[in-house]
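After this come two complexes, each holding chain A, first together with chain B and then together with chain C.
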Partner chain A sequence: MLPSFAYVRPTTLKAAVAALAAPGTRAHAGGTDLLGCLRDRVFPADTLVSLAGLPELVGVTPTAEGGLRLGAMTTVATVAGHPDIAARYRALAEAAAAVASPQLRNQGTLGGNLCQRPRCWYFRGDFHCARKGGGKCFAVDGENRYHCVFGGETCFIVHPSDTAPALVALDALVRLAGAGGSRVVPLEKFFVPPSADFTRETVLEPGEVLTEVVVPAPPAGARSTYRKVRARGAWDFALAGAAVSLGIEGGRVKHARVVLSGAAPIPWRVPAAEQALIGHRLDGATIARAADAAVAGAEPLADNAYKVPLLRCAVEEALTALNS
Partner chain B sequence: MEATRRTIRLVVNGKPRSIEVAAHETLLAALKERLYLTGAKEGCGVGECGACTVLLDGRAVNACLVLAVEADGRELGTIEGEARPDGSLSALQRAFIDHAALQCGFCTPGMVLSARALLRRNPRPSREEIVEAIAGNLCRCTGYEPVIDAIAAAAEEEAAEGSVVPPAASAGAGEGRGP
Partner chain C sequence: MSPVCFAPDSGGGGGASTPAPWGETKVVGARLPRVDAYERVSGSAVYTLDLQLPGMLHAAIVRCPHAHARVKRIDTAKAETMPGVRGVLTGESPGAAIPWYQGREGPLSLLFDPHCRHEGEEVAAVAADTALQAHDAARAVVVEYEELPFVVDPDKALAPDAPKVHDWGNLLGQPRVTTRGDVAAGFAAADAVVEMTFRTPVQMHTPMEVHVSVAQWDGDRLTVWDSTQGVYAIREALAGALKLPLASVRVVGHYMGGGFGSKLELGKYTVIAALLARRLGRPVKAALTREETFLVAGNRPSNVITLKAGAKRDGALTALEARLSGPVGAYPTSAVSAYQIGDLYTCPNVKFETTNILIHAGKARPFRAPGFPSCNWALEQVVDTLAEKLGLDPVELRLKNIPTVSQLNDNAPYTSTGLARCLTEGAVAFGWTEARRRPKTAGHLRRGVGVAAGMWGYGGDPNATAIVTLYADGSVNLNTGASDLGTGTKTVLAMVVAEELGVAPDRIQVEHADTATTKFAPSSGGSQTVLVNSPAVRAAAIEVKRQVLEIAARQLDKPVGDLAVADGAVVVAGAGGKRVPFSELKGLGERRMLVGVGMRHPHPEGKLALPFAAQFAEVEVDTRSGAVRVLRVLAAQDSGRVMNRLTFNNQVFGGVVQGLGFALTEERVLDRATGKMVNANWHDYKVPTMLDSPAEAECLPIDPHDTECNTVGAKGLGEPAHIPAATAIANAIHDAVGVRPLEAPVTPARLVALLAAQERKG
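After this line comes the complex of A and B, so read on.
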């Protein structure tokens, strides 16, 4: 049973932002994560502010600069099946197609996929953990086979999104609307690591809402892919994954982004792996060096050391796929 | 407007309906308790099992994770709308019987509606596309193979009959694509 709450559906962004400025409100996009959190009492809400009355937040349109603007209320299914995304931002199409199940992709939105809460079973369960304002992380010395191997500090969640690592690899920007107007931040800076603040996952302030994602024009010779490793062949979060975006000119890598999923509390960009690629031909030796670099410095917990070779192989497979 | 209750209007299996619902009521609860349509089942209640699958504007969704108020103004399809107008079973329903694609039956309404969403959009799906279309529907009895066989057989029969309504131009993008 869901706890009781009020529901409003503003028809202007201004009204939505105003409604969200009130304490106890939560934005409702697709609701697939939110309703589960409310049902399980992960956090309360007095009022849900539905974004369904804002059609301007839905859709995929070209930008004047040769990129694409994706409204935050665009469903994950639409992102997965959009021909321009498949043609020019393959990593994003593949990541969106790998999200959850058909039903959840039909209901879940791109903005919601970026703003979803962690899946850590202590966070979701009856534990007053660090992220919920308690004193400690229960995972670090507890059951931690699905937790992070990078970036864990005070809190050891992994970021659950598939589209987030793909969009970070594609240098996406997000627009955040608030009472005083809107601001644009690189998606990479949208996510908050535990070292900065372990009580929140994003830089969204109370009363702010994510309205759109913009992917810039791909670099010359662009190719990208997303590799997701799950415990089973369907409907699951990533145990490990890699989003890779490259620009290859004259047979050499000129531009590289390597971003791990299932690895860290935020989509985990690995500059050392990118440097191992840039300036080189994408051959087996280069791929192996980059894959090694991608997992150098991993700090597994008691039960999740298996993730290190999985992550390495996810990077290797993604790069190998881009080489063919 | 009172923010904790709302009157919503929706089209259910082709018929316009108007119901008053609580703000925190799921579409699944409204189906069962306000519309007395009990075909959709509550399994997990968190979007993992697919037993509550319904068609919202032609697309398969988990009714347990949709607020009833969010269905305002939309078209809803449930298993009760799957049979032909004369009450006889659809080719898809008959194929589930013919292929023994169910045992306990708890997953079957959701399974059939996921299949229906697929066939509306893609009347001649590959086996892989069928597998992906039911990836959000758990079945603990059949091992899935008879379900896949049934959907494949129904697709052939319906395509031969030409009985499938073509999907709307806007529907169908992406759902069911392989990872």
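After this line comes the complex of A and C, so read on.
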């Protein structure tokens, strides 16, 4: 059951940031992830600082540079249904549409989707695991069918977000506001792998708020897509997925981003797969080479080797879809 | 006033006056929306979970977090001083030393047993003003445990050095062997023999409404509102646990949010609510959290089934030999059923051995045809494989082996069996032959079709009493002890009254599932609710009709034989016959009401009335991702008469989707290192969603017009609609990609591995 906490709803970003500087506080966006964590005692909170009083954090607007600015409090449903996003950043629209369920997409926000905590059943369950300050990762020798095949070190979570791999593939930036002002970080650098620090998933410092996501203008000949494999049709995180963004000029791939989901503790960019694409025509042979490269070096645990062919398939299907 | 009007036994069911079977019906069988649809959809229906009584407290239960542990010490001091807390209950509290779970030599455990044999066992309980306060306080109870070695893997539980669940070890009873004929001779005579080993998952019940009770005392009398499948069964168990006379205990179970078998037995939470309510002098609600229901409210045990089958060239089965085993959890119940191996098909030589294993996990409870879907998973895949080996159409092979008698019951004949019709008419409606002829595509999306037959083995409790009361204005009260789990029981029983008494269903008020105000009905489980209660209701309605006609005969000075009831009136035979509305019957006006008591008649002697089914599925398998999409399902069901086509379809589609979960997505996962369940929630435990349900689902009722099974001609439906569903999908997967999914659920992980192994073999 949900423990008790205080709830404040500041009406300026400054006040929100100030409130969040106090220990024991947590930012509350849509609450779809946060309240579950509190109820399941994943972590405690004395005070929730709602971001719902900050209208400037909502909305999708064009940037001067030809990109799009997405406020952190924009709902996932809005992102999924926005015509500009569907037209120019298809991977993001598809990823947002693949999130959870209609109710959760209506309530959950883009910022919350990027900042959500891992879905590992040990982390969420009654297990004092490494990420919660305990001594070990229960997944290594435990029930690890849903855990990572890349980048697991001391902790074997997969990053839960669908929008994150799409946004990494689209070279998105995030703006983080803190007491001393704001900073802009490439989304790819926003996520923290366990090798760097297995107790956090993002570079957000206490008191910092993610205020917006900026996707730059797409490269020439841009096309992108997101392919997600899951155990059931809705309300389910990715078993495996791939976000791919390409720039194709003169029939050849000039720009490529291949990012896996359900694969690693962070959205897993695979430069080897990108290299296999760049400079080539997007034909069957190239696609197969890139798909192979995407999963080369995977290190499955006892129960998740199936993810390797699934990831390969996701990359192959995403690239094939971009070929037509 | 003629005394005959008040002789309830004269028309009350019993053998002699058993009414003739219905011919054509007017109301029964129609597509009638539920009588309580508005309440259920608008949210005004009060489920037990919604119930609020003045001064009501809320209970929360302290549970053992370990798979196996001994409680050394319980410290409730802090919890007792927390805000809102009214009382704490432990095994030491007066009256709380209640024995629980019967073994062969007496009780095996206690309401609060310091020896906790699975995660979630009850250790203490707290009552507080609000549920949140109660749960906070329960967390503040300090319990010191000695953790003990455990075994949760049934494959390891019978090893000599496995930690024991009970002193005697982990084998529950001895493996039981059942034999008919000579299997060795049967296999020797076979032209084809197949042997395979199957594994099925632990499936969870996941009813929409969690398990919940509200207890209130009035002096020495206890009233309990319970989300239960059977108020009478709960009353008996509750009175036993609290050592109260049956007459002092009232159990009420009105709106109910599903059970699937997990709400047939008394839960500890119910007794805990009663004990706290007695001590604190206030009503107490004990509602489990969703997570708790996964740990302590039952499950369908996993099964390991090795099945060998032999058949002649023409498909006639010569022998079936099987070993079935499964874990019951930490306390006795049954984990397996070989019934269909013994009885679905004619087979002279059969042998099966069943083994029940104890492990340190929550006790199993009956789950929609206990043991049958798991056994079906093995039997119907083996039969399919035989057909393949013999080059026969799977439908053809099954048709070769249709029994007309129950071989497990001294060859007692069935009152009816529509199994052959389910297969043949189902195949036609599905387009089976055409679908099988379609060439297989070469790409990564492969289609396949599959069939599975099934049967259910319980014919119902013959005892039930119903009361029908006709009031002076022509409105009716139907009084039945039956619980309506959400299946439409109230609606179907009201339709029976409407049929016999000629009143519109909306003139009928249903009063049900309350041991104080209704009479005995068996629990709504075992697919018996309609077939047990409808005949009792029919008998009661017929008795009221008899009284109506007698009154009318006197008033109109006509022989009873010239009168009939229709549209809330008595009608005189013949063209332009006079019509007297019930409200204008003088005798009824004087008496204010006519009462008919109806009792269920006995089952037909020497015969069995059982339902049968055959289901057909078409799937599309993505060979790259291992994803299986069920494109369409056709369920041909011989459940006798269709009482209401809408609720009939609901049962069938629900059974099919629950079977789809069994086949593709649902599976309890226990952590091997700690014995704790890791997916005890609705996200990690994957019940299929609407998007996973077949886009096309068709239900084909096969009514054999059974005039012997009972006086309404209906057989069971809830379970037979579920039993073959998973296996039809498995057989369709095999047809699509050529691999045998021996292990359920067929997740992308398993299917990708099977396909990779197939590729390696070439």
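Assume the second predicted complex is superposed on the first by the 324 of 324 C-alpha atoms of A that agree within 3 Å, B and C clash if a C-alpha of one lies under 4 Å from a C-alpha of the other, contacts with A are read in each partner's own complex, and residues count from 1 in each chain.
Keep in mind that, in the parts below, a residue touches a chain if its C-beta (ideal position, glycine included) is under 8 Å from a C-beta of that chain, and two chains touch if they have at least 3 such contacts.
What you see is a predicted model, and the numbers here were worked out from it, not measured in a lab.
Would you sort A:Leu2 into first (chain B), second (chain C), both or neither based on which partner it touches?
both
Once chain A of both complexes is superposed, is A:Phe127 in touch with chain B (first), chain C (second), both, or neither?
In the superposition, A:Phe127 contacts chain C only.
Could you say whether A:Glu65 touches chain B, chain C, both of them, or neither, answering first, second, both or neither?
After superposition on chain A, A:Glu65 lies in contact with neither partner.
Contacts for A:Ala234 in the overlay, against chain B (first) and chain C (second): which applies, first, second, both or neither?
Once the two structures are laid over each other on A, A:Ala234 reaches both partners.
A:Thr32 contacts which: chain B (first), chain C (second), both, neither?
Touch status of A:Thr32: first partner only.
Between chain B (first) and chain C (second), which, if any, makes contact with A:Gly142: first, second, both or neither?
Once the two structures are laid over each other on A, A:Gly142 reaches chain C alone.
Which chain A residues contact chain B in one complex and chain C in the other?
Residues 2-4, 101, 234-235 of chain A touch both chain B and chain C.
For chain C, which residues are in contact with chain A within the complex?
Checking each residue of chain C against chain A gives 60, 65, 131-132, 135-136, 289, 624-627, 664-665, 669-674, 676, 678-680, 683-684, 686, 688-692, 747-750, 752-753, 756.
Residues of chain A touching chain B in their complex?
2-9, 28, 31-32, 35-36, 39-40, 47-48, 50, 52, 77-82, 93-94, 96-98, 100-107, 228, 234-235
Inside the complex, what are the residues of chain A that reach chain C?
On the chain A side, the touching residues are 1-4, 101, 119, 121-122, 125-127, 138, 141-143, 145, 229, 231-236, 239-240, 303-307, 309-310, 313-314, 316-317.
Can you tell me which positions in chain B touch chain A when the two form their complex?
Going by the criterion above, the answer is residues 3-4, 6, 22-26, 45-48, 50, 53, 56, 59-62, 64-67, 69-70, 114, 117, 131-133, 135-137, 172-179.
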